[in-house]
Structure formats: structure tokens, C-alpha cells
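Once you scroll down, you'll see the structures, which are given as C-alpha cells.
Here come two complexes built around chain A, the first alongside chain B, the second alongside chain C.
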Partner chain A sequence: MSSIFMQAFVRPLSIIYPMAKRWLHRFHGGVFPKTYKSLSLKHPIRSTVIPEKLILPVKQLTGQKIAWHVAIGDTVQKNQCLISAAKENKKGIIVPIHAPTSGVIHAIEMMSLPHPSGLSALSIIIKPDLKDTALNNVLNVSGKVPETPQQLKDILLNAGIVGLGGAGFPTFAKLPNQTGIINTLIINGAECEPFITCDNLLMQTQAQDILNGAIMVAQTLGIPSIICGIEENKPTAIQAMNAAAATLLKNTPNLSITIQTLPAVYPMGGEKQLIKELTGIEVPAKTHAIDSGLLVFNVATFAAIFKAITLGEPLTQRLVTIAGLGLKHSYNTNALIGTPFLTLAKAGEPIHPIQTPLIMGGPMMGFQVADNQVPVIKTTNCILVQPPEPATETIVMPCIRCGECMDACPVNLLPQQMFWHSQAHEFEKVEKLNVFDCIECGCCSYVCPSHIPLVQFYRHAKSEIKHIHAEQQAAELAKQRHEFRLARIEREKQEREARIKAKKAAVKKQASEAEKPSGASSAKSAAIKAAAARAAAKRATQQGSEQNVNEISPPPLSARQKAIETAKKQAAAKVGSKVAPNKDPRTSAKQAAKKAAAMAAAKRRTQTNHENNSDATSKIDSKQAMNDKRKQAMETAKKRAAERKARKAEQEPPK
Partner chain B sequence: MSSLTPQSSPLSSPFAHNNQSVRRLMVRVQLAVIPALLVHIYLFGFGIVIQWLLAFATLMVVEFTMLKLRNRPIRPFITDMSAMITATVLVFCIPAGAPWWIIVSGTAFALIFGKHIYGGLGYNPFNPAMLGYAFLLLSFPVQMTQWTAPTEILDYAVSFNNSLHLIFTGSLPQAALEANLTANLDMVSAATPLSQLQTGLTQGQGVTESLTPIALEAQTHYQNGSFINGFFYNTAQFFSLNSWAWVNVAFLIGGLWLLAVRAIRWQYPVGFLGSLTLISFIFYSIDPNTYPPVDFMLLSGGTMLAAFFIITDPITSSTTPKGRFIFACGIGVLVYVIRTWGIFPDGITFAVLLMNIAVPLIDQYTQPRVYGHK
Partner chain C sequence: MEEWFISITAAILIFVGLAIVFGLLLGYAAVRFKVEGNPMAEQIDKILPQTQCGQCTFPGCKPYAEALAKGETEVNLCIPGGTDTMILISEITGLEPKEVEVTEAEHKPKETAFIDEDVCIGCVLCIKACPVDAILGATKLMHTVIQSECTGCDKCAPVCPVDCIDMRAPPVSLENWQWPEPTIKSEGEAK
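And then the complex of A and B:
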């Protein structure tokens, strides 16, 4: 992307000052590791070998259900759908898995994953029958360019296509729902990692498919221009892509396709670096390329998209580079998804027996697998077989602040300072230095003269910061909940007070009405009350049914009995006055209201008991409430009894 | 919070390295000193070699003891060559004929108090060599200003044996004195142009006046033909360079090579020499009689040594590109200020130490813009 003048200046200068090559690309830093690409480029693509067993890990995500279409013992055909996201998933990013070849489902069990963590996952194990009988057009496509973005997304989802460059993010989920959002479709053919040549060979052999796939996506999404970036160290691929573009451009006059030769620098293939190089746009931090109107896919992804759209073929195999200094013959092959690493590595004739872990991916960003039997997955672009490490390991020296890491960082971070603070566990400072913009490309570690595993420090810092944030969030939530609870208690208190006030007011009114006729001594008011009750009872007996009267009216009593009863009544009144010292209806009403409020509060307290830490207090409270309740019940019962007696006395006038 | 120990955790990416190492970096710096060393031997005699050997012996003992005391692995740290750089820089800073205990105490102080007590390599806030030099300058000002006169003035090349005698006894052997009766042997030491200038200026002389004796003396010896004819004479005449300037030129050559192999960054020499040039040009333009010319400023004292070998120490300087430049500019300005108005003839030591203090602040405010951040 640099001018011819600049190139002419830098080329000779780079002989005495190699880092002058950094001036030829538009993003900051970058490194120039030895590529070793000719190791695997020398040989043609090997034909697919069907291994003894295929291991297909089932990706599982929290809260997302999987629909199983097969069971152990089932016979499956190539391309048959084995699992897919369950329909009830609202926002599923689980893509279906298809059988890479025909065979029998041998087992469904936990198998080691090709993942840095070395974790295991539920996997479908297929024992191939070697017949390789296939279902054609399982996706049921018409072979035409999809009309709407949704149609395209459905096809890509059903085909199980994910980003084959390494991210592995489901392709359909990356696409926009509307047309016209994307201005430029970028085909990533940079392939900057050493050793890896699968994209190079794919471009050499399937240039038409790649470009056709890109054109179909562009047509569906209404993208006016396609740019394909290829590093200059792949002249054959550039030639092939140019030739394919020339023929395809004739059919698509309103689309612009550019094949752009890029300077060979690691990490040119990084999405944001490639975008900067090809378009000059710097994707703002914390946004995605799509927010800047750009869509980037790897060449292999486009080839898979093409096959899915035109042939209805799901993604069941991919081109994989098997390379490394530990192999006699590095090679590329169309490996079936699920082929164990070791099977492929052994086919390259290892120089030493493979005892060290194999590496998935290139030497810069790859990772050692926990078990060499892990399967090829959709994102496996390379299996690296390095010779056993020499016994003398380079010792990690202290950082001398030389700044090589900073000069190499393609994101223009300050790796040295991030390292310094992560070493001191000052994670908030690390975060402030934008550690989350780190793409973990490994340039800093690559150039560090002290051999400090810098990337590892950043990975650790990132996970620690995430952990801290999660804790902070939890604490914040707890705080909010606590504040809400306090607010609620306050609100309830106020409501209660309001209620009490209203009740008080009502009672006051009543009481003042009742008090009007007399100065109200306790006996008098009782007599008035009794008289009122009597009148009411009379009215009731006059109007009410016989039964009612029978029930209420006790058997006739003798004078003596009556005398006893009056004495009892007096005693009851005394007891009552003992319980509630003032028999004034106003006070008793007040008390009743208070009691009711206390009861309500107690009830609520018992309800909110879960949140309350002091169980004991609430228990005591509830006990208190129980007592109150009982007391009240007793009191009301007594009152009722007294009333009844009074009524009886009235009904049968004394002789 | 789990603690991370990268050495013990499983190996992770990247699995490739450019094979650069701290030792290799230090060796390169060491190699870049060789031209200056050769020129120094040629022009000032073998004193520097003896000093260097003394410094080397001291550093081995000090490093070994300190690493042992600090309970650190001896081999990787004693062979990282960083102490060698400190010692070498110090050797070039002190007079070649200084008594042996000067370099020994200076090296020991620089390594112990400049490096090890802060936690060793990578953790020292001050340039160890400059700390050692400051210690010597403040503690032994007399010995530290007994500068060995160059052969061009002395008219006598001090041999290895004579230098040895001088360094360990403080005087030249009797035999040498007798053998060279014609030579001006009552003085093996002389003022450097910088101190000459300062003395001259304080006595109210102008720049040209102050610097005349040196130039005159050299000229006399050239004309006598008793000193080396040919190349040095002619080129020296052509560029009008004195011995001190020649050592500076040698440092410049070594420094340029260091730049090419990325052992040092361009911001240091460019910022330092640039600011020094600018400020001396401004003052020279204002009053050429009070302020020395630009070429004198650039080629006297330890200017080039500082530009390529002292201020470039990455550990004690800023890490950001802008920060390095500011750091270097600051030293350039301070050097001029101290040389012109200070009491010390050469101000590099204190300029470097002062800017070392400012490094955390500079780092804080010169962070580069990260990709995607506005």
C-alpha cells in the first residue's frame, strides 16, 4: 500500500536496517518472523484421508439448548445434520454439525477439546464405514443468489459456517439484517502466520469459488465493492485471484473487485490491521468492523459460503496445513472436521516420535493442545509439529525497558508498562493502558530481549480484570438491592403510618360522635353500648329467622342464675378493665389499631424473612405477634361474651 | 487473586522468537565502544586500558558478591553484560591517569548503590554509571579533575608500564622521567578544553582567549614534528579538531552503528544533540565571546559518549517514543546550562540524573494513541 518511491527507498535500506520494512505498512509496528511457508508449499494438496474415527465436539453455550437428531448406533450419511440449535432458543449462535462422512454414531461422550484450556466437551464420535455415501443438497438450496439477507443468513446457519480464519464466530451472526449497511467487503487472504499455507493454496486452487462466494454475499447485502488483500509473498495466489477477478468482473459490471498486494508483515491478517492497511480506516475501539461499514471474512469462509449457496453443501471439511520443523514432509490436506491431530501429523512423517504437544495454529498465535488426539475443528488452519524443545531453556530476564515491544505492537499499546503493572497486580492501571485492545498477536513477546512471556501476562490481566468487574457488578447489584430494600421498608413504614393516621382519624370521628350525648363515665358508656346492642338485637330478632333467635337466645334463667351472671359480667368487666385499663371505646379502638398495625408489621417481617439476616429477631417478632394475636382474640371473645350476656339480660327483663 | 508465575505455567504463544537477548544487546553496546577506546589509547596512552581492567575486576567481585547476597542466580546475571556497560562508561568518564582506587570505588558504588540496592537489572531509577561518577566527582574532586593530557600536548606517548606506575603510585617512573628530559613531564595532566574554558571565562577572558593555549600548544608540537605527522596532523588541521574531539568522533561512529542495529533509539541522540546544538547556536549568535561555538559544544567533554552510550540506557530513561525525545532534549538543555552557568565544567552527569527523576512523569504524559482510540 506504500508508494513505489517508498518501496524503492526501503528495499535497499532494509538490508542494513531490517526494521525499515515497518515503514511500508499503515498500521504501527509488526514483526517479520521467518515464514517457513515453502515447507508445505512445495507439495500439492493431499487427498482427504478418512480416519478410523471422527470426533465432533458439540459446542455448548449457557442457556442454549441443542436439538439432537441422532443417537448412538444410528447410521449417518455424509452431510447429514447431527445436531442443531433447538428451536426454542431465541438468540442462538449455535451452528449445526453435519456428518463429515458416512458411518455409525459410535459414542457420544466427553472428549478433549482443541482449546488452550484443554477442557473436554461432549463429542459425537463417528466410526466411518469408508463408503462415504453422501446426501446431496441437504440445505435444500436453489443454487441462486439469496434474495434477502435473512435467506443468506439461514443458509449460512444451516450450513454450519463459522469464521474459518481462526475466530470461529458464526458467520450468519456477523451479517447485517438489512442491505446497504456495508460499503466494503474485505476478503482476508493475508495469511501472515509463519508455516501456514492453506489459504494460499486455497486461493491458488479455488480462486473462482472464493470470489463467487464474495460476490454472492455482496449482491445479497448490496455491497458495492470487494477488496481482497493478499501478502506479497504469495505471487501465485495473487495471480490466480487476479485472473479469477478478471473473468468474474465481466458478469458483475456494477461491482468493483480489487486484488490488493500487501507488504508481508505479521500481523497483517489481523482484522483491524488489514482494514487499516486496505482502507485506511481505523475501527474505533469497542466497536466492530461492521459499525464502520466493513465486513471481513477469510478466503476459506467465502469458499464455504459459495459451496453452501450453490450446492447446498454444509461445512464438513477444510484445508489444513500440517507443517513444522519436526516433520519430514509438511503438507496441506482437505481434512474432514473431526480428524484427530495425531493422524494428520503422523502422515507428515515426523522426524522424532511425537511426544510433545502439537500446536493448533501458527507459532505466533497458536496454542498447545492438551491431548494430541484432539480433532480438527472448523477453525483449525494449521497443525504445527515442532521438534522437541532443547533442554537449555532461555531464562526470563528482568525487563530492561528497551521498548522493542512497544515498537512492535500493531495496536500501539505500551506493552512494557502493561507488563510492569500486571506484574504488580495493579490491574486498574493495566486496564487504563487499554489492555483490552490487545489482540494477543505475540509481537511483543517475539521481540522481547528478556524473553518475558508478555502475552501471557496480558491474558492473565484480562481475566483478572474481568473477574474484578464481575465482582464489582455483583457488589453494585447487592448495593442496589439493599438500597431498594431500605427504600421499600421506609415506604411501607410511611404507608403504615398513613393508614394508622387514617384509622385514628376515623376512630376519633366515631368517638367524638359517640361522646357527644354524655360526659361518658365507663359504666354509662357501657350501658349505652349495651342499650344499642339490645336495640340491634331486638331488631334482628324481629326481622330475623326463628333459628337465629333460637341460636342466640339461651334457655330461660332463674333469678338466681341471673344474679350470678350479672356478677360474672361485672367480674368480666373488671378483668377487661384490667387488660385494658380504660374501657373507653376510644382507647380500646386505639389499642386495637395499634395491635393490628403491629400484627401487619410482624406479618411483613416474617414475609421478608429471607432477606433478613437476623432470623432470631424476626422469630422473636413473630412470637410477639402471635402473642398479640392471641391476646386480641381473647379480648374480642370476651367482649362478645359480655355483649351476649348483656343482650340476654335485656331479653329477659329481671323480675 | 491468583498470582502468576509465567516461568512455571505452561508454555503459551508465541512459540517463535527473534533470538534477541539482553546479553546480545549489551555486547553490541560494548563493541560500539571499541573505536573510541582505540582512539583514546592512541591519543591519551594506555591509562584507559588499565582503568578498564581495574573496573572489570571490580565489577566481577561486586556483581558476584551482590548477587550472592541478594540470593539471585549468579550465571545469567553476571553474564548479562549490563555491569560491563556501566563500568565502561565510568572508565571513559574519569581521567585516564586517576589513582586506582578512584575507578574501583566508583565502579563498586555505581553497581551497588546504582543497581543492586534497587533490585538489580531493570529496576534502577538512576543511571548507575552517572551515579558512580557523581559520587566520585563530589567525593574526590581533585583526583577527578587531574585530566591526563593528550599526547599532542604532552609530546610523549605514555606507555602501558608508565601508565601502570602512574595509576598505582601517582607519578611516572624515574626511568621514564630521565629518559624524556626534553619532554614536558612535570605535567602529565592538563585541563580539558571545557575546564580551560570555564577557568578562562571566570577570569574574565573571552572564549577564544580561553581556548588559545590548547590550540597553540598543539600547534607548536605539530610544527616541531615531534608528534605524529601525517593523517592526524592533516585532518586535525583540516577539521581543527583536538584530541578530545577525536574521541567524540569515535563515539559518534560507534553510536551510529548502534542505531543501525537497533541497540539504541534515534530519539536519544537526535533529541540530545539537537537541543544542545540549538541552544548553543542561539547563545553563540547572541554573544560569541561569552558563549562557545556549536562545534566546540558538540565535540568536547562527554557529549558524544552521552548521546550514544549514557542517555540511551533504556532502563533509566522514558519508554515512550515522545518521552525519549523529551528526556533527551531535557538533558541537552541541562548540559548546556550546567556547562555555561554551573560550577562543573561538564554537566552531563547531573543533567542525566536530573532527567532520570523526571522519567515517570514523562512516561505518564507521553503515552501514544492506541489503535482505534481518538
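And then the complex of A and C:
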């Protein structure tokens, strides 16, 4: 092809113009750092060392519950499941953790994480018993290729497989639910970071496993073609993969497998860069490779998938490069997940005692860990041990707008513009310059003649922008809630007023009714008449007795007799009141009115309560519905307010 | 004589006609494209932090925005918003920018209210004070704050009779951790 001609042309040219090498690959920019790969490539893969303790951090996310299958003091076997996502989680992004070796759960406590923040997380600490007794086929697989994508996803979830290239996104969540969506499966064998050789060695030693894993995924998801991209500086790996592909292709005639040699440029291993290089497709911003019909996994991920499907073996160890200029013997090893960094680093015989922080990842994208005892996690591909830095600090010079970073950016961004705006805290402008498409590869910082830590600025800007968005959302929510509250208070006030009004109206009505005697109250009036007659008779007898007293003057009544008399009178009065309870028609009317008003109010209350209840139930349905309800309520409240205003305006004509 | 008269009347008629036409057009436009409410107030309301804290002496963010739109108040009263908000307000309203009085609150991480549930007596005073209904509870029953809804306005803390509410910054977790801003030592500063 023309590439041979191009290479012949570029090679001599690159001596006087090094960046001519950028013409050999299809994506924009890129840099050519010294690789140092031979340091760790010289030695064969070292056998697994079981450390004194294994630290397994448990990823915790708000709103995601974890099901614990072990407690402190339990004895666990290799491959035993320690935690998994609780069943009540709607979408599980928590992948299970399995015991990397047999031993005792020593503690479950907060331990420092291999994360740039240096934060701690709850971790399971296992004291290995060094017997390494294992449970076989813990995933209960048949060893056959899964029939549906869902079956494959279940296996990958239960095996705890995440993207081993570096991002660590759960692999099962990346897979589509239907067959036929993906047309190309890409095996990412481009290991572009300096020092790192673990993928290279994996391809050399387990090429069959990698390709078998890829074929299984392709068969399950109905993918017709597999492309594996490997950089030209890994000739042994290319050879091994080609040999494996040749033997495997005989068994799968309807599948095409291509092993493609790529130019060695950093960051070839970036997902979108590799896609562009292999297929010419530029995955649009804010979309994923899957939206373009592509699925990309790292070689290590495919090897893990193969082991999970055929052996039912969960992900408990991975190939890690321990390299750096600070080591006498850089090497690769199959490290158990949870092995402390320092244990692995010491095995490489450091030239100087390790006092500076170790680096997880390569020199371009890696970060310093806060504590050298942090464990190897599933995404740890390299532990970099660099010699102590010279005391003279590299002085950051001002940006001279040379544009080198812009030429180097593999995503076609404008790093110098983003830098200016980040420095000035104009995060809106940084966002407009698509800072979220930045893959933080570090090419811009690498080429910067002023040694400006550009990527640090973009990382900071990204977190700030996220924070600003979260605050805006919170403000919007607070506004809605405040307005809803105001509307509710207004509504309650109106309801109270309406209740009082209704009460008053009811009282008036009752009073007017009581004044007119009606057929129904004839019995009452008869009773009143009878009571009146009785009272008159009593008065008459009293008068008579008084007269008698005056006339005959009987002997004075004893105190006892007097008491009897008064008791009798009281009883009579009681009976009278029972017969004619409504001595005062006005009070009875008042009582009746009160009752009626209370009834009406109660009815209204139950009605509103009912409405509220129905509101509440529908709220539970979904947040969207709740928002709609809220909006509706707001709307009605607004309308009501508008009506009220209009009424007021009518009542009080402007002067 | 007649020509002159005709030309003058024609001119007058044309202008009167034009005046009527444009008057009608303007009158129609005023009815058809009438803007409900004050657009400036809404614009200001959008940039206010919506804590509803009332530190501006207005009962909420919206009343302050409305007062600002009418030009009845100062631009520097929003304390949670700080200087950034003040500058935005002055840009919208065209009012003179002024120093925000309390600057110590600026760039302070957002705090939310926490109720010490052992001490709470269930008096519902804080529930009434909360502008966003973020406190749950009932009379003589324990109260608690819905953390995701709390705006950190600090209105509930002073009304508590047993002083069981305090404002706390959320703990730093992997989810809200931020990359620090790189500090650059330029050559001039290094010397």
C-alpha cells in the first residue's frame, strides 16, 4: 500500500522534522515518547506471590446497596464471592468481588485507595493461609458459548469483570442487549504508554485465550468481524496473535479475524483513537463506540471473559507491569487483586529505598498514590517506580501561544484556549471548547515548552464544571420547591377562609330557618306550650301556698323537709327540660348550625385529603410524574393567583 | 390656487393616513406581543442561587429579583451568591456594581443542616421556617433533614429552641472529590 511508500518517505524526513511521523497515522496529533518497554520485556512473567495480606476495596456509591456474603473471621476459599450488588438495586453498576486466594477475613475497615484523591474506602482484608485452596467453576457455567446476550452479561457480571485497559467500566454494562447491533469487535492490543508491557506479554503467552474470548463474544452478539490492532513495536505479540488466529479461523469459517499492525504512537490505545485508526470512523462527541456499531475491549478483558465462560473462573488476578528507572529488575507478574503496591515494588529490587510515592499507570496518564500500601485493583496495569526526583523543580513558564499542544492533541481540541479560560476560571468557555471530550492523555503537557501542567487544569475544570452543573440543578429544584411551598401556603390560607365563610353562611341559614315555625317543629312547640302551662300551674300553686302561708301560717318546715322540697323541684325542672329541651330556640339553632358547618368542613377536609393522597401515590410512580404534578400544581397555583389579581383589580378600580 | 390646496391636503391626508396605519400597527403589536411579567426579574431570578435564605431582607430569591428589576434595591445583597452573582446582576440591571458586604462566606463549601435527632423535641418550628420543605417530622416526633433538598440557607438553626441543628459541609467522597487547581510558580514569583 501507500503506507510503505509513506514510511520510506517519512523515515529520513523525521530526522530533520520529527513530527512528520504524525502523517503515518489517521488520527490527529499524538506524541512519540521514549518507550522504555524493553526494561520489563527482558524478563519472563514471574509467578504469583501471595502477600501477607490482601486488601480488597469495596466500591460504594450512593443509592447502591451491597450484599455482604462474608463477615470478619470467616474462612474463605479462592474464587469465593465476597460481596455483590444487592438485589433491590435497579441497575447494578457494582460488580462482585471474589477472594483471590484462600484465607481468613482479617478485618473490614477503611483503607487508602489507589486513587489520585488519596481517599479511603471500606476494604475487606484477607490474611492468606498460603494453601490457595480454590473453588472450581463458581460461576456455574457449562463451558459452552452463551446463547443470548443476557446470558453472557450475567456471566460477566458474576465474574466481576471490568474493563482492564484502565477505565474500569463494568464490561457487562457495555454489552448491548440484542444481537446484530454491533458489526465490528475490536481487540485493543495497542499498549502505547511507556514502560507498560503487560498486554504485550499477555498476547505473547495467551493469544489463544484472547482470541477465543473475542470469538465467543462475537458469536453471542452476532458480530461478523473481529479486528485486533497491535502496534508495530510488538513484533512477537503480532506473530503470536497471527498464529493463533490462523488456527482458530479453521473452526469458525463465517467469522473474519484481522490482526492489524499499527504505527507506534501515543495515544494509540485510546478507544476513539484506535477506532479511527482501524476503521476510519470518528466516533462523534458525547456518543459511545457502541452507537457507531463498534465494541472495543482490551486484550486482558478478552482473556478474563474466556476464563469466565469456559472455566467459570472470576477475575481475581491480572498481569501487572512493575517497572521504572528506580528498579534493578523491572518485571511482569500475575498479581493477585489486593496485593499492596510496596510488596510488588520491593520484589523488583529498588535501587534506592522507596520513599517517594509510587505511580499507578504509566508516566503519561498515571498518578501518584497517597500511600504506597494501596492495593492492586482490577484496573492497575502498571506500578511505576521512578528514582527520587532531583531537587531542582521544573519551573513553569508562561504560555507563549506556540500551538504545540494544539498540534499534539489527539481529539482536535484547543488546549491553549482551554488553559487560558481554566486559569481565569471562565469554566463556561472551557465547556464550550469541549473539555469533556479531553481524554486526559497528557500529550499537550508532554509537548509544552513551558512545562505547564495542562492536563491538571483540564481535570480541575472538569470537576468544577460538574460541580457548577450540580449546583444549578440543586438551585432549580430549590426554586421549584420554594414556589410549591408558597403555593401550598396560599392554598391552605384560601381553604381556611372558605371554611370560615361557609361556617358563617350556615349559621345565618340556620338562624333564619329557626325563626319560622314549621310542621316538623310542631311537636316541639307543643312541648314548649305544655312546659309553659306546667310552669304557670306551678306558679299558681306557689302563689296559692304563699297565700296559704299568709292565711293559716302553718308551722315552719324542718330543714329536712325543705331539702326534700327543693330536690323535688329540681327533679321536676329536669323532667320539664327533658320534655322541652329547646327552651331557647336561638341556642338550638346555633348548635345545629355549628354541627352543619363542622360536617361541611369535615367533608371538605376528607375531599382535599383524598386529593392529597392521590397526589402522593402518583408521586411515587416516578420522578417525572412527580415533576409533572409539581408543574401542574404550580400552573394551577399561578392561574389562581392571576385570577385573584384580576378580581382584585375589578373590585378596586384604579384611581 | 387650487393646485396648491390639493397638494397640501393630499400631503396632510397621506401623513394622517400613515399615522393611523402605524398607530393601529403599534396598538395591535402592543396587544399581540405583550410580555407577561417582567422579563428582567426572571433573568435575575435565574442567576440567583435559590437558597431562599432571606439574607437580602427579601422573603426569597424571587422577591429580591423583582425588586432589583424595579430598581428599588441594591445589587450587593445576595450573600450566598457572592461577588460573581453581584457582577451578573449589575450586568443585567445596568446598576452600579457594589462590594458584597460579607465576603467570608464566599467560596465556602455548601453546607447543609443536620438535626441531632437525640436532642430534637419535635416542636415543628424548623419545619415552618424551612423555605424548601426539606425537613420531615411531626409534632412531638423526631425531625430530620432531607439532605438532597437542603439549600443550606441556615433559617432553621436560629429558630430551634433546643439548638439541635448545626450546619455541616458534606464529607468528601469519591463522588464529590474534585481535582485541585494546579498552582503555578512562574519565574517571577519564584524569585
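Criterion: the second predicted complex is superposed on the first by the 475 of 655 C-alpha atoms of A that agree within 3 Å, B and C clash if a C-alpha of one lies under 4 Å from a C-alpha of the other, contacts with A are read in each partner's own complex, and residues count from 1 in each chain.
Heads up, the rule we're going with is that a residue touches a chain if its C-beta (ideal position, glycine included) is under 8 Å from a C-beta of that chain, and two chains touch if they have at least 3 such contacts.
Please read all numbers here as calculations on a predicted model, not as lab measurements.
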item: Contacts of A:477 with chain B and chain C, given as first, second, both or neither; value: second
item: Partner chain(s) touched by A:485 [first = chain B, second = chain C, both, neither]; value: second
item: Which superposed partner A:121 touches (first chain B, second chain C, both, neither); value: second
item: Winner by number of chain A residues touched, once chain B and chain C are compared; value: B
item: Partner chain(s) touched by A:68 [first = chain B, second = chain C, both, neither]; value: neither
item: Contacts of A:413 with chain B and chain C, given as first, second, both or neither; value: first
item: Touching both chain B and chain C, residues of chain A; value: 116, 395-398, 452-453, 456-457, 459-460, 464
item: Complex contact set, residues of chain A against chain C; value: 61-62, 113, 115-117, 119, 121, 393, 395-398, 452-453, 456-457, 459-460, 462-464, 467, 471, 474-479, 481-486
item: Residue ranges of chain B in contact with chain A within the complex; value: 1, 3-4, 6-7, 9-18, 20-22, 24-25, 73, 76, 80, 82, 120-123, 260, 262, 265, 314-315, 317, 319-321, 324, 363, 367-374
item: Residue numbers on chain A that touch chain B, as the complex places them; value: 16-17, 19, 27-28, 31, 33-34, 116, 194, 272, 276, 282-287, 359, 361, 363-368, 384, 386, 394-404, 406, 410-414, 416-417, 422, 425, 433-434, 437, 440, 442, 445-453, 455-457, 459-460, 464
item: Complex contacts: residues of chain C adjacent to chain A; value: 45, 48-52, 60-62, 110, 131-134, 149, 151, 172-182, 184-187, 190
